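When the chains are written out, they are named A, B, C and D in that same order, and each has its own residue count from 1.
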Amino acid sequence: MSGNRFGALFHYTTFGESHGPAIGVVVDGVPPRLSLCESDIQVYLDRRKPGQNRFTTQRREADSIRILSGVFEGLTTGAPIGMIVENTDVKSKDYDEIKDKFRPGHADFTYEKKYGIRDYRGGGRSSARETAMRVAAGAVARKVIDYHCSGVTIRGAVIQIGPHPLDRERWDWAEIDRNPFFSPDSAIVPVWEEFLDGRRKAGSSAGAIVEVHAQGIPAGLGAPVYDRLDADLAKAMMSINAVKGVEIGDGFGSALLSGEENADEMRAGPDGRPVFLSNHAGGVLGGISTGQDLVVRMAFKPTSSILTTVRTMDRHGQNTDITTRGRHDPCVGIRGVPVAEAMMACVLADHILRHKAQCSLKGFGDAS
Amino acid sequence: MSGNRFGALFHYTTFGESHGPAIGVVVDGVPPRLSLCESDIQVYLDRRKPGQNRFTTQRREADSIRILSGVFEGLTTGAPIGMIVENTDVKSKDYDEIKDKFRPGHADFTYEKKYGIRDYRGGGRSSARETAMRVAAGAVARKVIDYHCSGVTIRGAVIQIGPHPLDRERWDWAEIDRNPFFSPDSAIVPVWEEFLDGRRKAGSSAGAIVEVHAQGIPAGLGAPVYDRLDADLAKAMMSINAVKGVEIGDGFGSALLSGEENADEMRAGPDGRPVFLSNHAGGVLGGISTGQDLVVRMAFKPTSSILTTVRTMDRHGQNTDITTRGRHDPCVGIRGVPVAEAMMACVLADHILRHKAQCSLKGFGDAS
Amino acid sequence: MSGNRFGALFHYTTFGESHGPAIGVVVDGVPPRLSLCESDIQVYLDRRKPGQNRFTTQRREADSIRILSGVFEGLTTGAPIGMIVENTDVKSKDYDEIKDKFRPGHADFTYEKKYGIRDYRGGGRSSARETAMRVAAGAVARKVIDYHCSGVTIRGAVIQIGPHPLDRERWDWAEIDRNPFFSPDSAIVPVWEEFLDGRRKAGSSAGAIVEVHAQGIPAGLGAPVYDRLDADLAKAMMSINAVKGVEIGDGFGSALLSGEENADEMRAGPDGRPVFLSNHAGGVLGGISTGQDLVVRMAFKPTSSILTTVRTMDRHGQNTDITTRGRHDPCVGIRGVPVAEAMMACVLADHILRHKAQCSLKGFGDAS
Amino acid sequence: MSGNRFGALFHYTTFGESHGPAIGVVVDGVPPRLSLCESDIQVYLDRRKPGQNRFTTQRREADSIRILSGVFEGLTTGAPIGMIVENTDVKSKDYDEIKDKFRPGHADFTYEKKYGIRDYRGGGRSSARETAMRVAAGAVARKVIDYHCSGVTIRGAVIQIGPHPLDRERWDWAEIDRNPFFSPDSAIVPVWEEFLDGRRKAGSSAGAIVEVHAQGIPAGLGAPVYDRLDADLAKAMMSINAVKGVEIGDGFGSALLSGEENADEMRAGPDGRPVFLSNHAGGVLGGISTGQDLVVRMAFKPTSSILTTVRTMDRHGQNTDITTRGRHDPCVGIRGVPVAEAMMACVLADHILRHKAQCSLKGFGDAS
């Protein structure tokens, strides 16, 4: 009830603060006998890891994951999987100034109002550092998805930084790992580099739009009426730090369409399965997957930590100014890509188990 | 786990199909001793009621709410509040054609894939008729909000139909109830009338954008990290039939801002409370309310039920065509306004109780 | 969170008061395409129905169940199953006296302290009338169990009334429906008749012990560590009105055993499955079913509504006396049998779906 | 959904196996600004710690708790409190024999059937080692209780070992910490010592009955109909390893009473609060606390790990014998006392927050 848990059947709980001794996650509901080891998780953590180039924060964390439970001789046991990452590169004195001041755009003021206390060091619990544990949970979720629905691919991309969108005609997934922006359009990379260098040098920051696709998922995933697949994705994505908007398929653009334009017509495919002639719906109808690509887009606001001095108030109700020091991403949307992929994986793994519980008509038996 | 429940502490469960004997809702977690009667709920149902003008479906339902439990001598007792509305104007034979065909843009195909069976009459459980029960729950939620935080105003508006946005400079909440579109801009009304008449006469439909505000809410509502106020709102709104995108505050527009532009600066107000100099955040920071207006926007796709014939497939994997008959809203976004308001109310009522459980430092005692 | 819901995946929510217009239940999580009609449920309600002999309350309720949703053409659709029973034989004026007085042994005082208000008519929400809806949910649960694990038999018996236990040597399940006590021992029936007639005529009441068995369940059901099958059964049974104790297998008697006596030794059966040489465990080890008979016992306190005048207090803090009028069961444990069977069925149906979600290794696919 | 979480508003999740690197718990829902440090928790862990005398297992664990999150400068922050204890005295080779054999009375067989895999070292997840984390959570729960309801005392006692009950007339809480049995009756101590030495030397084990009291709790705690205070206590206690029965108040004895005997009569006390003339109900009516002492009793079966050779089966369906080695408690009920106290504390803390959310009429406001 305190908001640190995500998911219903495949679910996880995170804990830990930015500058505490460690951050951790307990992943539960995982089917037994899936192969799992630390390197299965580390590979995803490494994609999100800070300090890898000048467009992310210079905090250096190994982000080495340690599995404490739930895995025996390389296989999941069905017991909860506890994992922790020790915090190592902690410079808490960077944060002395914000002890009493509220940074505009940050959660300082709201945590203070809610709890009457806050661990101000690095933003404490509100820090994006928490998202490392989402990525760890997402790595386990991918195992669950693979086990039940082989052939699913989940991947995300930055599609816009500041006012500069990529060109969708040049979209090539293979480019994603060849640039520091998770951009599928190599031609936009220098534009973004120049733009972001400018913002960074000015002590400012930039927003971004991220798009995540899931390909190869079966039709039938989702749980109307409230736990629609798209509603759960909206919650998952909006829960990521700095996200301010979420769209499925055509999203806000669908308001402009006519009923005929919006209808994704269907034709019977060679195997009796439908071929959809378009995908305005983004792979979801009535809250349930159609089997088409699941397409989700989200907007990240610019990083609130900026070097420019802005006006604010302190805990004692006095006017003051603040300049945020510390080490920050000039554009949090970039490292948002592996986080958004992880959230997509967690939502899908959860809905696979939910579907299995209620609707799967094939088979029920003991594990042996 | 089957998705028919919404909320954690203030929560409700709906049941019923479009053309079944009745639809119903059980609202639970309601504080005792709040005054509540059927007319408190009916007034909101009447705002959503179909058949009130030519821009909504011509199905005529009295939508008379009947309270079955949880209220004694005009006061809530703390027990669950069961309510039903009988379905009266049911023309199921309109739906014979869709028994075996999948209407593009509808949930026919996905329900079939998920459940292997569907109540095709009027869309069954996937019908927007379910939203009447959200409105009923929302009416109770408003009582809970009023009880704990007097002075909260929740209200929504259509801000765009098809390609026609209203002019925000002309925004006047008093106009909302004077036109069939919940428009706060009287000047756009004739534009929308003409546009929608055109679509309606062409057997087509239109999308819309709806914005909902909550004024007067206290700072401190919300539950990081996953159950952020904005994440719960995103889920709530995305769960409404036909919604394809949700934004908080500047939403997708925030991707265009610089860090300085995005920072809502603060000044100490005369009473020590902050005065924010802008509200790009839409009233939420770190998932917790700031006390500013909570601003949520959502996109409705055009009604999928259209008279134009479109290509589709049937249950037997054969190609076919379909023309949707039955009675439908040419623009579902319009009647989406009271539904979105209700969802906002439910999210807020829930988070008020959640905050009270964990963080309210004042008082705990028995009810007497 | 308000305690009106039971179960995790197979789950239901009840509403309604003893003397309100109706009582109802929403059963959710039910697999699609199970055959279900009102008579499937009515048959169980009739076993619990009051007024059938002199050993139960003389209130006469038809207890006719009406299915409002979730069933289409005789099959479940996967949507929530809403059901109601109208209250017809309501004599609320019997309860005027208790409006201000707290009946000892009843929930009058505690509801007053918790809620500051109570629907005193017939006990309102605290009445055992609510258990009719448990029986309705249990009937649906049996369908779920049959679908996934054919051959499961759930049945209960009264094994003791007041100080008179039955003779386990004479146990014959066939006797259960041949006497008004659900007794499997015909020889104890006249003893109980005489004993209970005496209590009834004296305006007093009696306690009872009920035992419920589930035969034929598979090994592997249950979810350690907290949602053990036995822990969930303990909660389910203790939640029945008037139950004060719950045992699994040897229960309190197991405290007397030595480790060797308590160990249920195993031998390999002809089919490789184990044959247990005893069942002290009552069919559960480590919170998970062994495949042996699941054996649960529970104690019902004597009905608190008695004609004898007892000392109490009123709402105004004044001493007073009270004599409970109204129509009551002289021994609530008797009608507790179908209720306890229903709770057993609900727990098992829930754990079957839970097991299926996480552990069933066979098959996952769409419903078609 | 996988059973590793307990509680609704005050809730916690445990992870870890007997012979894994560590066991841990995440406690969530805790009000902010409560003082909390490791020694607040350690004191309770020390009461449960193994190896303290010859009547408990000789495994030697420091059970040193480490708080990883949720506490800042000695105060809770409202964020989840992650805690771990490293396992240090692990002798896994003791368990080689049980790798393929099922120990009667243990969860070996059922885990195998459920999961198709099991961490057999020391029982893995099914080990009573998990209860250390319950004790840690319970220590936090006590802080929550103290904060909201000062003056509550929760304490437990062993009241019977094997066939030897204590004499309730000699009950003295002060004796509890003066003997290795948590016995409030000093005269029974030598009887239990002799009895248990006999069992221990014979390689056997003994069962026990434990009773836990909560004094000073307010009236009004509990959430009818399913989440009754007594139902939640029954689940909590039955979820403790080796517990086979749970009673509230007179429990099974109440079946023997007449309605008059069972009715706890009330008199108005000097302050207008009721004085109950007896407490057959054990402090709960209708699932809600009366304000009297809450009295719960539970039966522990004898430790299943015994040196006597018993007949069993192996994973390959072959008959075999087994003699359990390893280090074990001759009577697990003894160390069950601090565990049962902890579960009582967790249930009460949870219901305090639940009551506060729905029913507390006094006050709602921000934390500042």
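Methods note: contacts are C-beta pairs under 8 Å (C-beta built on N, C-alpha and C of every residue); 3 or more make two chains touch, one makes a residue touch a chain.
Bear in mind the structure is a predicted one, so any value in this text is a computation, not a measurement.
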| item | value |
| --- | --- |
| Chains in simultaneous contact with chain B and chain D | A, C |
| Chain pair, A-C or B-C, that carries the greater number of C-beta contacts | B-C |
| Chain A-chain B separation of Cα centroids, rounded to whole Å | 26 |
| Between chain C and chain B, distance of the C-alpha-averaged centres to the nearest whole Å | 38 |
| Where chain A and chain C are represented by their mean Cα positions, the distance between them in whole Å | 45 |
| Residue numbers of chain B (touch at least two other chains) | 1-2, 4-5, 8-9, 14, 29, 32-33, 78, 113-116, 125, 218-220, 354-355, 357-359, 361, 366-367 |
| For the chain A and chain D complex, residues of the former touching the latter | 1-2, 4-5, 8-9, 11, 13-17, 20-24, 26, 28-29, 32-33, 66, 68-70, 72, 75, 77-82, 84, 112-119, 124-125, 366-368 |
| Chain D residues touching chain C - in the complex, by the definition given at the top | 1-6, 8-9, 14, 102, 104-107, 109-111, 113-116, 125-126, 130, 160, 162-163, 199, 204-209, 218-228, 230-239, 241, 244-268, 272-274, 277, 280-282, 284-291, 299-306, 308, 310-313, 317-319, 333, 354-355, 357-359, 361 |
| Chain C residues within the chain A interface of the complex | 1, 9, 29-33, 78, 148-149, 218-220, 352-367 |
